[in-house]
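Going by the order they are written in, the chains are A, B and C; count residues from 1 in each one.
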Amino acid sequence: MGKQQSNRWLQPRRVSVIAMNTFTQLVRMKVFYFLMIFSVIAVVAQFLDLPQYNGVEAVYTGELQILKDWCMGVMKLFALVFAIAATALLLPKDVEDRTLYTILAKPVPRLDYLVGKLTGVLLLIFVSLLLMNVMMTVVLGYRAGALLDEQVQMAVSRGWNEPAIASMRAEIQAQGVTWSLQAGVFAIFLQACIVGAVSMLLSTFSTSTLFTIMVSFMTYLAGSFQADAAEFYRATAEAGTTTLTSVLMKGVALIFPNYQLFNITDAAMQGQVIPLAAVMDLTGLTAFYVVLYTLLSWFVFSDKEF
Amino acid sequence: MTELAVDIQHLVKDFRVPLRGAKPFRAVNDVSLQIQAGEVYGLIGPNGSGKSTTMKALLGLVAPSSGTCSIFGKDSLKVDSRNDVGFLPENPYFYKHLTGAETLRFYGKLCNLRGKTLEDRVTELLDLVGLQNARDRRLGGYSKGMLQRIGLAQALVQDPRLLILDEPTAGVDPIGSRQIRDLILQLRDRGKTVFLCSHLLEQVQEVCDHVGIIFQGKMVREGKLEDLIAVENQTELILQDASAELVKEIQTLIQRDGAAQLVRSGKPRTTLERLFLQETQGDQS
Amino acid sequence: MKLWRNIVVVFLVLLAAGWVKSPWEEGKQRQFEQQGLVWRPLEPDVKKKIGQTCAVVALGGLRSVVASFLNLSAYGSFENRDWVKLSEKFDLIVALQPRTTYYWDVGAWHMAYNAAMDYKENESLPAARQEALHRAFVLRGRSFLERGVVNNPHEWTLLSSLGRFYGTPSKYPDYAKSAAAYERAWKTGKARNFEARAWLYSLARVEGKQREALALARQLFVRDRNRVDTLCCLLFVLEWSQPDAPPTLELLRRCFENESQALRMLRTYRENNAEMLPTAGVEHAISLLESRGVKP
């Protein structure tokens, strides 16, 4: 037995075995249950707890807006926290429990191990977001439908003509369930992929989960600020007033990813149309960063000693 | 000449000490050892003598500062060398969220086993280590002995030619310990090579063919077990149902021979372990 | 040693990769900003900018969660009538989510209506204070909504709300601004006919804009849908107010379907004029119709 298998890197089956194992490990963790339940309740709570004001003239699609704000916000928070925390604890846990030794003692290239771990985390985030997205879509669809019916009824009773009703219908539907909204959720997932990859890179340096989590969070903040740093440098460079600060800003702009690009989620929430090209751009950018950080993780991890 | 399962040549491993300006700590100092295929080799030494580091170098978990390690001719630093190895680390935990069967399945898949072959193998191994009844229990609920046994099963999943066991009976009760030792002997009979390290000397004595003694990173003594522990100039006779007259006659014979000397006579002692096993299992060893 | 070597290598690789990706990424940022897909919040004064923008940017995509929480918390302040806290919370909410029109609407409503009225009716305050606080909060609500419009220049709902805020007679009205807001709302192309009529009603109350109001009224009157009671009556009033106006009866026939309808509508217009629209000629028309024995 034990036929001579290919030990080339990134064997799909091997990676998927580790990924599924990571997925199962995280799902069976109590922390994950609590996080999931919290998120589900948060999304569903929309049904119940929305402050209802009587007398605000122009609520109209406003209630749909804040429903989306809330749900997408919860999804983003969950994805972010999970991408950082779950990835940060995976490697140290395996080292501490010595399960890493038994895995690497098998013919498993270290790259496969890393990619498998990251894939497992991202798979879990994807499935969770999908679940929450379905719930949000159902609630939103219901609410938008109810609003539409109510408004159309009112319009008909006031004798509106067809084009006007169609225009209003389009406006309400734009705030309801749309493909752009799905693009917004997808952007949340893409950002989580990068955040997770960063977290994994940091965890190859440090064996302290807490340290990894803190630094990962700080890189998230830096990434959110990156566009401004780049802009700052560009402005001073153009004006010819480059200082140490602006050079530092350029450094920040080079090293950190630009997370602001992923704020198209906000635009999606406001009912704006997200072009497919934008989604493709973000996907490409995500792939670039994930591959970069994974390769760097491998570089550090490949000669790490245990 | 039989194949060399393990070939370690002049292995040196230094570890950096965090203190500034301090010399690196030499955990392994020019250790060489060879293990023939089909042998049981025991590496013994006190805590901190470099046993685990030597094993880890063999498994590519640490990189040698100098020297080479190879398994069945393949360099330890290459992933290919792990095709033929099964490793049981010291005090392993494995994934608590998996059941016994799931654990074996996981490791089996990592070794490219699949489908019915994998399932059969899982069942076979669980039978071998005596954990059929616990196959669907999560590892979080296993006792120490059970964890060691599942560890052994996992090491065997791809039927490797070489087994590396780091303190296989550490912290295990006498019954479990005996079971593990019996297993090792079974494996030896099936032609497997076993490389184990331990500081429980009596147990090493019971299973190993070859022994190496490592102390402060250096191999101080090495060779066949029988040769090493034979007290050269003594002979042992154990008699059953011997009468007092016969004993007296033997003593007279010894006195008549000028060179030989009677060192000790009396009732041989059983070991506490044998007594324990006898009482708890009715074992007649 | 190895650790530091690794850190340096990773750092250098990130810099190099950054050098490669930077132009593309910055280009995308600009492109997305142009397309309105991402935006940086607008703050009018620099001091605020330093304080809030950093925090806002740093929160990044978590803005919406924090805004939602604050919104819930603001509801509590509303129930407790803690108007100052409520205003502060809404300032923060809109700093986080400047594009969610709902927050601008509700915030302004709280300030200009709920808070203002609460102060006005607060027996424990002297009359002068009641009035002062009422005014303060009305103006605060209006300027809050103005900021909302600046952040969302194409949102007709906010413009309509602004028009209403400026056009309420009991709330220190500025009908010129009200008309301007409604006009902008209407010209976004997404507003309802209501906004067009509201534009007219405000315009009609601005000194010296009667001719423009009349032109607008005539334009709106062309469409059947706009021939609501108020509009018909107002058209009549504006026509009647012209120096070269035709005889009353002829005007009535132009503006109303029949004399009976005219009488009914004009009577209602006269009695329910809370909006304080111009009423020139209404009395005269009513007397004329009654003298002709018209029954409403």
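As a working rule, a contact is a pair of C-beta atoms (placed from the backbone, for glycine too) under 8 Å apart; a residue touches a chain by one contact, two chains touch by 3 or more.
Just so you know, these numbers come straight off a predicted model, no measurement behind them.
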Fill in: Path length in the contact graph (subunit B to subunit C, fewest steps)
2
Fill in: Per-chain CA centroid nearest to the all-protein CA mean
A
Fill in: Mean-CA-position distance for subunit C and subunit B (Å)
83
Discussion item. Using Cα averages as centroids, what's the distance between subunit A and subunit B in whole Å?
Written reply: 48
Response to the item:
Per the C-alpha means, the centres of subunit A and subunit C lie apart by a whole-Å value of 35
Discussion item. Residues touching two or more other chains, restricted to subunit A: which are they?
Written reply: 303
Discussion item. Give me the residue numbers in subunit C that touch at least two other chains, ranges are fine.
Written reply: 2
Worksheet item: Along subunit C, where are the residues that touch subunit A in the complex?
Response: 2-3, 6-7, 9-11, 13-15, 17-19, 21-22, 25-26, 28-29, 32, 35-38, 40, 53-54, 57-68, 71-72, 75, 78, 97, 99-103, 105-106, 109, 113, 157-158, 160-161, 164, 190, 192-193, 224-225
Response to the item:
Listed in rising order, the residues of subunit A that touch subunit C in the complex are 49, 51, 53, 55-63, 65-66, 69-70, 72-74, 76-77, 80, 159-161, 164, 167-168, 171, 188, 191, 201, 205, 220-221, 223-225, 227-228, 230, 234, 251, 253-255, 257-267, 269-270, 272, 274-275, 278, 281, 285, 288, 292, 296, 299-300, 303
Fill in: Residues of subunit A that touch subunit B when the two form their complex
1-5, 7, 13-14, 17-18, 21, 24-25, 28-29, 97-99, 101-109, 303, 305-306
Worksheet item: Where on subunit B does subunit A make contact in their complex?
Response: 56, 59-63, 79-80, 82-95, 97-98, 106-107, 109-113, 117, 121, 151, 154-155, 158-160, 164
